[in-house]
Structure formats: structure tokens, C-alpha cells
Amino acid sequence: MAGITDFGAYVPLHRLGPATDGWSGNNERSVANFDEDSITMAVAAVEDCLKGQSRADVDALYLASTSLPYQEKQAATLVATATDLSDDIFTTDVSHSLRSGTLALAMALDAAAAGRVQGGLVVASDSRLGPAGSDFEKATGDGSVCFQVGSGNEIATLETLVSAANEINDVWRPAGETMIRSWEDRFVQQEGYLDSLQRVLELLKKKTGKTVDDFDRIVLYAPDSRRHAEATRLLGIPRAKLQDPMLDRLGNTGCAFALMQLAAALEAAGPGESILVLNYGDGADAMVLRTTDRIADRPARGNRGLQGHLAACLPVGNYSEYLKWRGLFSEDSGVRRPNLSGPSAAALHREQDQVLRFKGVQCDACQAVMYPPQRICIACSARDGMTPIRLVGEPAKLFTYSMDYIAGTTDVPLVLTVIDFDNGARAVLMMTDRDVDAIKIDMPVELSFRLARSGGGITNYYWKSMPARELFVREREAVAAG
Amino acid sequence: MESIKDKVAIIGMGTTKVGERWDAGVEDLLYEAASEAFADAKIDPSEIEAGYVGGLSATHTLNRVLKLNYIPVSGVENACSTGGDVFRNGAMAIASGMYDIVIVAAAGKQKDAGTTGIDMAGDPSTVGMEAMIHNGSVPRHFALYATRYMHHYGYSFDELKLTLAKIAVKNHKNGTLNPKAHFQKEIKLEDALNAPYIAWPLGLYDCCANIDGGACAILASPEVAKRYRDDYVLVKGIGLSSGWREGRMSQKYSFTMFPENVKAAQQAYDQAGITDPVNELSHVQLHDAFTVNELVDYEDVGIAPRGKAPHLVKDGYFEMDGKIPVNTDGGLKCTGHPVPATGLKQLAESYHQVQGTAGPRQVKNVRYSLAHSQGGLTGSFSTIVTVLGPRD
Amino acid sequence: MNRRVAIIGMGCSGAGVRSDAGQEDLIVEAGMAAMDDAGITPEDINASWFGCTSVSANHALLNFSLKLGYTAMTKVQNAGATGADALRGAITAVASGMYDVTLAAGVEKPTDSGFTEFTEGGPVGGSAVGADAVLGEFRTPAFATLYLQRYSAVHDIPARRIRTALTRLTTRSRRAGARNPLAAFRSSVSEDEVEGAPVSSWPLTVLDCCQSLDGAGAAIVCSEAFAKSSGRPYIVLEGIGVASGGLEGRMQQDYDYLGLPEARIAAQRAYRMAGIVRPDEEIDHAQIFDLTTAAELIAYEDLGLAAPGTAVERVLAGDFDLEGRIPTNTDGGLLCNGFQAGASGIRQVYESYLQLTGRAGERQLPNVRRSVVYSAGGAVGSFSAFVQVYGKPT
């Protein structure tokens, strides 16, 4: 029987919250760094999901997002390549609706049930932009989640899915614009959100006879905590069964939000539990899942999962920093020079293995590992006898570093690092998601897929180094104590 | 392979005033430097047989500006050591016997770029790690060495900063003696120590400015040189070593030294017959684009023991009245870094010191002088070391 | 020169839109082929000269790609003749005695820009303003026809007759390219196809103009003593002449636009060094820098292979055909191999090297004893011209 076989998640390190000067919200929310977007977060969630597992047998990738960089050009191919999946797989984007996450999961589960997909990935990732200072900005969050679907070793199976459509301009983003728009508040809540949820619950009852009292856990999408509370009350959802929506520390992560809550539910669930997922966006989905016995004895893969990522956080010091990250506020009023030209599409395509997959090579003759790929071995001078080797996930340490205070205006200081992998390779990379006071020679570092210099209409990506997330777990405690 | 020792003579050199030369383009700077070199050599430009210029766009400029009549002109580029390599190629052209008199010249017009630091813009083919390395400013690359040097030899942060500050103070003091320098004022130790960070751990006074300037030399075979002057200066040795990005790929690379410096110096010493640089060199010009370069360079060219340079700096070993005066013209710190011309500017100081024409900053009894140029980024450089000396 | 200089090994990459290969791959293709041809390893190389007009292809690229350790490396720049100047750097250094075995290599990867047309002479960097900046906007064929128009008027040769001569050169080069496995264009074209192709810069059609394509070339330049002791086939440099202009053609009225003074002077210097008095009789094979066939046509007179005003006549008489008196561009020329500023000068010499060592395969000419190679770079009224004469071992 087809179902969810595993999952992973990603939450950006940074938070807007009480520790952020100039932030007017009461809650805390996750926020993508200046070099993160839906693509990079999707890559991180896939990496978290596949950590410790083979990726050779992944045969499909469904990418759900409302905030992808291209109007024409698939994003799933980019995520599949950056996560080193096979080229010979089914890839698709599922976009344009806040329900894209559950829709993509439903499509993948259907394909798995039909036997067309054996090991598919469903990744939902969103980073939506609200006007500066708006309630949207306060309520949204950035994050991603990834589910693996297939048959044979599922930890949860799909029992029912019912959907209701609702043609409405309640919350939308026109093509070519970057900000979410919205109609008047009462209309949005009544005619959109509550109406659709009520209808989908009626459909569920008609189809299965079940009501909100019949589930062990209920995941409820809501735009913000006020509406979450209102819907809980109106729909009669028992509080004890309600999944914590994390709106006080994560925020509404768009089309990834319901599925991130599902991931949190699965992280806590035991065998034989029934989980109802209520999602909203141009209508509503009600998805009923049941956990299997396998959920209790999933092998530990060393991934961080949702809770692991959520525990690590670093407050953004000042609200104006965030505005700079999103290009909403620029200190550099006078452009010093014309913008740099974009990268060559031909070169990017040719160098995909080293740029997107971050593959180096290992010499067949002497086993030396080197990055970027070489045709002549740096250790034994052997020619052309090289086997590709991916360096993402390989343990590495910081060899030396510098901090550039004049290079740019968004990420000061720019940290340049030389990192040495335990397998013998070395690479020179920028460092992201760091605390400049905590950088130390010999500290463990990981690789993270990030936005790089873009131009010419090409959104460009490359890998950066970053400290292990665990370094930042105490940050939150310190903030709470302070 | 044969040594180039005593096969090539310098019969004239010229340098421009460096600085923010809003008044001058590349052509003006070449003209200014060449005019001084022609006057120094007392030569008529029509006697020149070939030219080598530094920089990408200057190849066809030289003949136009100086009205040299269809002489062959080659453009030479070697990052920040371009000036040194222009000189080297010109010297080999003399040594090859193909030409008797050669002009080598370069001018840097950094200020037209709209920045003071070097900003590296890659071409579209450069993607991935190389694009990342080339996109951004330069100081961060050299700061990597400062961080690792400190860690490797166990110096505290304060010790490192004090050492670098002392180098900056020394070069600023020397700069006051050079009327062509961009900065001609002394700085205090505290100024350097308290300056804002450019690329941690390097502060403002640890970095040179990229400014405008030009330099020129007239080379000749020694037989021909005699016709122009008695006090011509001879090339004793030239070494060039170019990196292969070892530091970006290989964990063997230490980030506490520059292998290119060591190899280039050794080649130059072998040709010049120098076995004991500390006692045989009277004067040294090091490429102090950043103070940490000068620090590491002391050790690389063999005038300080490994890991011990900070102690010698503390003792004033490289100051004007020290054992080996280094960067008597104020170094790149005070004379800036007009990129293609810098190497020639370094050689000009060595030329004047050997000739005894360095004026108020003349070091006593100079015999051999070393000029060092280094260009590149993290883990890969081109270094040229040239030793000049007097005719015997 | 103080020492005689030889070329003991050469190699070139395939030319074309090489989307499969970056600069480094092309360098490895050419460099490794050259070292294998010479029977040497990277450790044998004392120093190298590198031609490439990409600003970010710095000194490290060659040493990095070929793992040349910490050997001396100089990057040269001389516009379209950059490859030729890299070779000259190596030649000069070997002659000076400083080094015995050197590498001259060049590469360009222009197609990553998305363009295969090229402009030349536009100064690099932010300082180009006024006339220099304007000229950078023009395409090279437009420059070439400035000379062609003047040539036609002064020598009173009808445009139709010139057009016929250009067609003869183009069809000949394409025929030669068809026999060159490294060429980008390996098919013949008919006279009608050439003349019926879209006009590039009148009277040149697009088939008369070469494209900016990817490619690399490499040569192992050494002392003749070293070459002799190796026991391998090699060629020797008999003469080299170089001349650079100073924008005379843009400022001086006595600049005639009938040819390139730089080419004439460079040829005189090279012939003097090689002891050549009658180039049209003493040279058996020529490699002429043909960014366009118009440039090739005019170069025959500059190099003394045709008397002034007679190039059209000589071309139409078949002098420069593959079976002619002085077979020219037997590798297909730049027309079939594309233009690579950093590499063309080296790739041109490769054909002379193959012909002189008798290894040109189905293109091999009988009795080649002396070959002349002409490369040039620059734009309207100011060039750097390189003329080299190569011969067999003495």
C-alpha cells in the first residue's frame, strides 16, 4: 500500500522577533537569510529527508511553492539536480495555490498507489513577501518540508482525501509583483477561509461519516494565530487533538505550512494514530492519514527534522537588516558601477556537476579527493582516471577565514572560508548563517545551497559553508532567559 | 638554462606622481613616466627597438603616445605582479640578442573604475567556486593568511595587530621622505590599531589604496648601456613562480606562507649567486598590498626565520636604520597600487637605491637590492623577485 | 638571436561551439597533446606564456589546468594576435638562454557569451570613451571592407572581379577545412552559396567572415640543441618580425588603407632575419590570418607574396589554391577553425608544423621546405602584426 515512507524539514536559522530592534510583531517568525529562497530551502529539506539514505532510487520530485524564481522554467529540475537526484526521473512544479503542498502530496500518493512512482519526493517550500510593517509580514514565516512516498515501508498511509474549490480573490499575488495582496479582512475570513473549511468537513463527513472528534491529531492551516483560534472554536476542534501550529515561533510558511505541521505531528506520533490535515487555499483539502507500526522503529538517520531545525535560531538584530535582505531598503543609494553581467547559461549547464551537485573527483590511481573536478590529479598527476564524488554531507572543518567589511551591503561582514574535508578535499567558500563572534579555526562546518551572484535574468545558486546548526541551539535559551 | 646575471642593464627609469589622478588618463601617465625615463637615460625615443607594456588595453597605446615608429609592442599581464613581468619579458628580449634597447612601461588607472579597492568582476564563463572567489574585494583573501599565521604560530590577536600596525607605521614614516608618494604623513600606532576593519583581522591601515600611477624603464645590453651612462644598474637575477590554485584544493597548503615567493626568490638568488640574503641584500622592496603580506614576505624571501618575523618587526629590523631597510619609498602602503605599474614602481626604488640616487631616503652602501611583486588571490599567486646590483 | 629556437611538439583542441568544454578542458586537450607530441611531461617545462583575452583567466589557469606546479607563467595580450605573442614570448625567452623548454598556449571560450560574432579593438575596461568606445561597437568585417573599398578604387579593379577573388579564397578554405579533423566547419561550399549568402559588410557575405569560436592551441618551444638531442621531429624558427601601430590610420592622411604597414614591416623584419629576398619564390606554404577573406587578399601584398595591385590577379590565377604555387591556409584557415584571440596564432603555426614535419595527413603537400605564418590583431588603422618563418632542421 502506498504512503509516506519518510520525511525531513528545514527552517531558516534567522528569526524576527522580540530580540529584533524595530520589529513591531509580538510573535517570533522564521525568516530566510538574504541568500535563501524557496529553491534553496527546498534543497535543504530534501537533504534533510534523504540524509543517511540512498538517493539513487528516487524516481519523482514534486515541488510545491508559490514563490519560485521563474514564470517559465521548471524549478523542480534545479532542486533535483542540486540534491544529486538522477536525471532520469519525473519532475514537476505544483504552484499558484497555498494548497499546493497537500495537492502535490496527494498527486504523489496517487502515483505511488498506481505503481508509477516507487520512491517519490514531495517538497513544499515557501518564502512569501508581505509589505513592510504589514500583518502579513508579521504572520508569515519561511520554511520547507519534504516527504518521501512509496510502497512497502510506509510510516503513514493515506485513507481519504476530499477537496473543495473556492474561486475567490482573498489573498493573491499578480504575475510580475513580489508582494502578496489581500481583500478586506472580514470577507477573506468568512467567504474564503471559514467557508471552505466548513464545506470540506461536511464533504468528509458525507464520505466517511467522520467528524473532527474522530481523529487523534488535527493539523489546521491558518493565516495567523487569531484566525487559527477562531477556526478552532467555530469548527469545534478539540484542543487536546489540535497540532501546535508553531505560529508563535515559525510563522505561516505558505504552502509548506500544513505539511510542516504534519511533519511535527509525525515526529510525535505513535503507531496506529489517525491524523486529519486541514489545508486552505482557493478552497480546502481534508486529508486523513493513519500511522503504521513502522513509525515507532524508524532507523535514526542523524537528520535534524523539523524540531531540530526549529530549535536552532539566531535573532535578526535589527529590522532594517531584514529589509535589506529583501531589497526593501537600501543604504547604498548611489550605485557605484553598472551591475555585473549574469552568468553564462552554457557555462552553468556544462559545470552543473561542480556548481549545483557540488561534486569533486576522486583519483582512481591514488584515491586523492579534489574539488573542483580535475582532469589531472593534484597528488599523483594521473590523467583522466577520475570518479565523481559529491562533497555535500561530508564532514569538514574550518581551516582559515577572514571577514570582509567592505565587500557588500547586505551581508556584512562577508566571511570567506577555507574548509578541509575529512576525505582530503579542500574548498574555498563563503560562509553563511554564522555568528561572527563564534567563528573558530577547526570548527565543524557543513555545506548549504544558496543564492549567488545573479544577473541577466538568471537566478544563480552555489554552495556556501556554514557552522553546524547545533551551535545556535543555546541562542534561543539565552534570548528567553534575557 | 643560463643565468640572466649581468646581461641586462637599466639605463633609465621614470615614475609618475601617484594618487587620485583625475587629471590624467592611461596615456598621460605613460607619457609622464616615459618622459622621465627618457630624460634619465638621455635617450632619443627613436633609438628604442621594442616595447613591453602592462595592462590589457595599453598595447596599442604605447606607440601612439610616444610616437614610436612601428616597433613591436607586447602586452603582458600577470595580475598584481604585471609590472614585474613586463620588466622580466623586456629583460629577456635584451638577453635574447634580438634587441639592444627596449622600453618597458605600464600605467594603472584604477580610479576610473569608481572604486578604491580592486573589485574583481568575473567573465560569464566563470561559475561556481572561481566565480565566488573573483566576485568581491581583495583584502579578505589576504586576511585568510593573517588568521592562519596567528593560529599556526600561536600569536595572540593583540600581538598580530601590533606587528601589523608597526609595519604600517614604518611605511608611513618612509613615505614622508618620498615626494611622489600618495600619503606623506606619519601615523601613530594607535591610529593603525584602532582603525575600522576592512577584512578582519585587517584594518584600514593594513591595506594599500588602489590609485593611479605609471612607471617606465629603459633596458639595454651592458655594451650599449655604456654609451648612455656610467652608473647603469645591472639585473642580477629574476625569478618568477606562478601558482596552480594549490591553496584552493590541497590541504597541504598551509596559509602561513606563499610558496610562489619562496620559489621565485630562490631562482633569483641562484642566478645572482646569493647564498645568504640577510647579509648580501642591502635593501628590499616587498609587495605590501597588505601589511600581512609584508610580514609573511620577510620570511618567504629569507630575511626572517619562519614564524619569527614579528620579533624582528618589534626590534625595528626592517626600518630605515635597521639591518635591512624594507620599502624605503613608503611601500604600496603610501605609494598605492596602480596595478599594472606597481612592479615597475618597486623596481624604480631598487634602481635608485643601487644607483645612489634615492635622495633623502638613500640607504648607505647599497650593493644588492631586491624588488618583489606578487599578484593573485587565495591560494594562487604569481610572484616575481628581481635582484638589482651595480656594475663591477 | 643568441640561440636557435625550435618547436618540438604541438597540439590543438577541436574548434567550434564547444558547449561540452570549458577553458580548462580546452587547455588540457591542447596542452596534453602538445606535451605527448614532444615526449615531455609537465616537469620538463621551465616557463610558459599564455594567451587569453578573458580578464578572469589569470596566471593560475594554465598552471592549474595542466598541473605545471609553481613554474613561471606570463599572460600576454595583443588583441587578435595574442596567441602569436604568446609564442613570441616563449621564443624570446628560449633565445635569451633563461629557459630551455617552454610552453606557449592559448585558449578562448567566446561562445559562453551567447555570441559567435565578434568585435575587435574595443578597448577593455572603463576608460574607453569617445572614438575608442565607438569603434568597439563595430564588427570586424566592417573594418576589413574599409581597406577593400580603397583597394578597389586606387587599383581600379571592378568590385565584381574582387568578389570573384574572394569567392575563390572562401571556397578554397572550406575545401581545406573539410579535410581537417580539428576544424569547426568541415564541409565545402559552392561559389553560388558563398555569393548568395546574407551580406555581412558589403561586399563580404557571412561565409567570407570567420566566427568567434571556442578553441585552444599549445606549442612546446625549446632550444634547437634540446630538440636535436631528443631525436624527435621538430621545426626551427628561421625568422620572426613584429610591428605594432600607433593608431596612424585614424590620424594620419598618408596612411593608404591599401594594406597594413605593420604587416609590411613585420614581414621585412622576418625575411631579413631568415635571409629571404624573394618571398614569392622562396616560400612554399603560407598561413594567412583570415578574419575575413578581404583581410587575406590584402595580406598577400603586404607579405610580398603578390606584387602591389596584383593580389586579385594572383588569386584568380590559382597561386594560393591548395594545388597552387604557394598553397595557403591548408587547415581551412580561421574561416574553418574560427577566431580565438588567444589561440589562433598558435593554431595557425600548427598547420605549418604538420606540413614541415610531413604529418598533415590527407592535407600533406609535397616539398614544403619553408612556411610563413602571419597573424594580426587590432582594429582600423592600428594593428600588431606577427610574421614568422619556419623551416626544417638544419
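Think of it as A, B and C in the order they're written, each chain with its own count starting at 1.
The rule is short, and it goes like this: contacts are C-beta pairs under 8 Å (C-beta built on N, C-alpha and C of every residue); 3 or more make two chains touch, one makes a residue touch a chain.
Given the structure is predicted, the values throughout are model-derived calculations rather than measurements.
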| item | value |
| --- | --- |
| Pairwise touch network: line, ring, star, complete, or other | complete |
| Of B-C and A-B, whichever chain pair has more C-beta contact pairs | B-C |
| Inter-chain centre distance, chain A versus chain C - centres from mean C-alpha coordinates, in Å | 54 |
| CA centroid of chain B to CA centroid of chain C, Å | 34 |
| Centre-to-centre distance between chain B and chain A (centres being mean Cα positions), rounded to whole Å | 50 |
| Touching two or more other chains - residue numbers and ranges from chain C | 22, 67, 112-113, 126 |
| Junction residues of chain B - those touching two or more other chains | 113-114, 121-122, 124-126, 130 |
| Junction residues of chain A - those touching two or more other chains | 337, 344, 347, 351, 374, 378 |
| Chain B residues touching chain C - in the complex, by the definition given at the top | 1-2, 4, 7, 25-26, 50-51, 55-57, 59-60, 62-65, 67-68, 70-79, 85, 88-89, 91-98, 109, 112-114, 120-126, 130, 134, 238-245, 259-260, 263, 375-376, 380, 382 |
| Residues of chain A defined as touching chain B within the complex | 336-337, 340-344, 347-348, 351, 354-355, 370-372, 374, 378-379, 399-408, 413-414, 416, 418, 420, 424-430, 441, 452-453, 460, 462 |
| Touching residues on chain B, where the partner in the complex is chain A | 113-115, 117, 119, 121-122, 124-133, 135-137, 139-148, 151, 196-202, 246-251, 253, 255, 378-379 |
| Chain C-facing residues of chain A, complex | 337, 344-347, 349-351, 374-378, 381, 383 |
| Chain C to chain A touching residues, read off their complex | 19-22, 24-25, 28, 32, 41-42, 65-67, 111-114, 126 |
